[in-house]
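One structure below.
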Amino acid sequence: MSDYLVELQGVSKKYGTTIAADNINLTISRGEFLVLLGPSGSGKTTILSMMGGFTVPSSGRLIIDGEDVTDVPPAFRPTVTVFQDYALFPHMSVYENVSFGLSMRKIPRFERDRLTQESLETVGLAGFGSRRVHQLSGGQQQRVALARAIAVEPAVLLLDEPLGALDLKIRRQMQEELVHLQKSLGATFVHVTHDQEEAMSISDNIALVNQGKIEDYGPPDRVYLRPSTLFAANFMGDSNILEGKIVSNQGGKTLVDTKIGRLRFEGEYRLGANVHVSLRPEQIRIGKAKGSEIISLGEILVSEVVFQGTHRLCHVRAGKEKDVKLLIRFPQEHIVKTGDSMSVFARESDAVLLND
Amino acid sequence: MSAPGKPVAANIQFELSRWAVHPAIIFTLVFFIIPLVAMVIISFWQRIYGKLQASWTVANYEKFFGRDYLLEALYNSIEVTLLTLAISILLAYPLAYILAYKVPSRWQRFVLILTVLPFWTAYVVRSYSWLLIISENGILNVALIAIGLIDQPLEMAYGRGATVLGFVHFFTMLLTLTIYANLVQIKASYHKAAADLGANPLQIFFRITFPLSIPGVAVGAFITFVIAIGDYITPQILGGSTEVLVPQAIMLQIARAANFPMASVMSITLMIVVVIVYFIIGKYLKMDRI
Amino acid sequence: MIGHWKKNFLAVVYLVAALFFIYIPVVVLVVFSFQDGQLPVPPFNGPSLQWYEKMFSNDRLVESLINSVVVAIISSLLATVMGFLAAYGMARHDIRFRAGVRFILMAPLTVSYLIIGIGLLITLNIFGIPKSLLTVGLGHIVINLPLCFAIIYSQFGGHLRNIDWAARDLGASDFQTLTRVIAPVMKPSLFAAFCLSATLSWDEFIIAFLLSRFEVTLPVIIFEMLRAGLTPEVNAAGTMVFAISMVTVAIAAIVVSVNFGARK
């Protein structure tokens, strides 16, 4: 048996001439929390929908728990989907909703009752069984949808932007609860979102989807700190993207010329290629530092300051001609004003050479 | 926890709902499309000594378009329908406008229901009710004589005017409904924005409200046209024997002579008129939104 | 409130005049159904129930009333079920010839009842099928099916697709999804479609007139009574038809508003 619970092998979905998913290869381990992250229209929901069985792939194979389920309808897969709008049955009580899947499985009444109560307790809605769905708040409806899904103990729980409709505060709370739920059930979750902060805070692995392809895949800190593509660097948060040209590639090192100077990277890349270098705003620090591991950015001129609570985001101009626009995050205690000028530097190891 | 296991339902049933549209489609094909096709075929057949002969001929059409009195029925029908339409729109538009913009919103539902309630007046007695009002000793003549406006009862019933009156009464309600439904969909912010940009109330109406309400008028007008041009009861009861409209002519062919080919020719002609009207106002119609 | 009306004096006058125009035939019809005399015209000598008594002692009329109710209920039930299934099929599947299917389903709305009736009459004649209440009912399904379909289809939103998927995902079969989830969720619009169709069938004349023979429906009987000229008995019959339609519409409105009120 395979190590992986879910395997997508070259899965594609075409609608006429548009390609919603393009040769997706993806593996999900047992007990993993995977997030499919991407902008709207990127194909992430299509990928989820193919895992759930609501969309039939145009080509490729989908294997769950060692079985090829490519052509198996949703009910006969070990997956359950939690929909974006929850899709709670409006004419049923909370209890009836949660026990629906169990009664479809002809689970004896006593057992059904127990499993339903357990699920409701798990999501913190014990005692809500007799409520009508429309009497609940958005967050509570979300919990009912979760309880309904976990009641049938799916091997894989598929969540289609389940937190999208919630207020920011409840969303943060639900993110934590989702992680707790997933760890305590030991279940495998696949979660779709377009919010990169949400993705980072809940996932074991992120699959970043763009134009039907997986742009980047890995643990959140890796994807954030060492994005492998230009799209990934941009999508995962504010970043300084510098254009550069490879001028040397010898001895396992590559040298790239950019407007802020010559930068050194591990590995050998094609000589003469035009490339992009990414540097996160918080990785630029104030002060003067010297050393072989340091990129000195020289004097910068602050052109705009935006106070963002946890930090101050500054638009600055760097370089000899002051023609390089950079974003810098300064700590909140460091008071900067438009027109200020100061020396800044960054660590060479923080800069990332991007594959275009 | 014990695993709840797999669903009991059989796999193959998943696609059963693909057949859900078929009963309705088959029913419509059998009891609507086939009869229309039969009608078209019959219209090219002939009646010889009271029996239908499957001999192909355009004689029925020649007869219909060749005889003045038959063709006149068509003209009459179109005239009466257009007159009805014009008056109904003129009456219904202000009413819908008042409902949508002048009546306070908490009363709107109530007043709207009040306005369309007589829709459900029994169809066969709707025209008859007008007879009670406009006939020689009807309530209107009695009232006019009582207040001394006239000495002799007016001849109002049994004529084109009476037919149009009966139609206008019904279709004013219908058009009010479709126009109102359209007007309330126009966002209040459009009016505010137009006023903010300096448009006066008249300009707001002609540049914003009216153009946006044309689909509501078009839908109501099309339904009115379809129903009015094919209505038998209203001209039969209110119109009297002064003029014949196509539906009356059709019923005469059926009832007196059982002349199905001729009745078919007339029916098809009416349908063609409706199709022409559909293409004229079709671009404003969104039938899928009715 | 008063100030509001003052400002819109013309609007109020127009509204009152329009309502007067709309209601006068109804009022005259109802009032003179209680006439104590031979003619339903002024002066009013009532009130009297004599014409209602006469009406209900007319066996043919009572019989036709029952026929009308039976035809209305059965034809509307079938139209609602077929309309619902069609709407469900259209909403759920990417069926082929989608536009064509919708065109055929909606087409009867653009054809006069008279022409639908004539077409059916000709078809019955060709195939030698006798006219009866059954053929009247079939005609009524033809005219009501597109309405039922349109009303129900308009209520199939995107959320219902997800509800349908959720039910299947949790293991419900096609039939279970339809009967335990979709139909109950759609109950208000199913009921509205049924009631509207029932009032239309109940009050329909021309198709019933063309396609019935020995057993007829109430509108056909009232039409026959009309030939006798003005009589308060027609007023009584018309008032009764109106009243029964009103009750049906009122029940539908209450059911729909209660259901929607509870949901939102």
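Letters A, B and C mark the chains as written, and numbering starts fresh at 1 in each.
Throughout what follows, contacts are C-beta pairs under 8 Å (C-beta built on N, C-alpha and C of every residue); 3 or more make two chains touch, one makes a residue touch a chain.
Worth saying up front: this structure is predicted, and the values here are computed from it rather than measured.
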Practice problem: Determine, using the mean of C-alpha atoms as each chain's centre, which chain is farthest from chain B. | Solution: A
Quiz item: Looking at every pair of chains, which has the largest contact count?
Solution: B-C
Practice problem: Return the distance between the CA-based centres of chain A and chain B, expressed in whole Å. | Solution: 57
Practice problem: Please report how many Å separate the Cα centroid of chain B from that of chain C, as a whole number. | Solution: 15
Quiz item: Counting only residues that touch at least 2 other chains, which ones in chain B make the list?
Solution: 6-9, 14
Exercise. Find every residue in chain A that makes contact with two or more other chains and list them.
Key: 73, 75, 101, 104-105, 152
Quiz item: For chain C, which residues are shared contacts with two or more other chains?
Solution: 168, 170-172, 176
Practice problem: Sort out for me which residues of chain C touch chain B in the complex. | Solution: 1, 4, 8, 11, 14-15, 18-19, 21-26, 28-29, 32, 39-42, 82-83, 85-86, 88-90, 92-93, 95, 101-102, 104-116, 118-123, 125-126, 138-139, 141-142, 145, 149-150, 168, 170-178, 199, 203-206, 210, 219, 222-223, 226, 230, 234-235, 237-238, 241-242, 245-246, 249, 253
Quiz prompt | Footprint of chain C on chain A - complex, ascending | solution = 52-54, 73-75, 79-81, 83-85, 87-91, 100-101, 104-105, 132, 134, 148, 152
Self-check item: Residue ranges of chain B touching chain C (in the complex, touch as defined)
Solution: 6-10, 13-25, 27-29, 31-36, 38-39, 42, 91, 94-95, 98-99, 102-104, 111, 113-115, 117-118, 120-126, 128-133, 135, 137-139, 142, 169, 172-173, 222, 226-227, 229-233, 237, 247, 250-251, 254, 260, 263-264, 267, 270-271, 274, 278, 287-288, 290
Quiz item: For the complex, which residues does chain C have touching chain A?
Solution: 158-159, 162-163, 165-172, 176, 181, 184-185, 187, 262-264
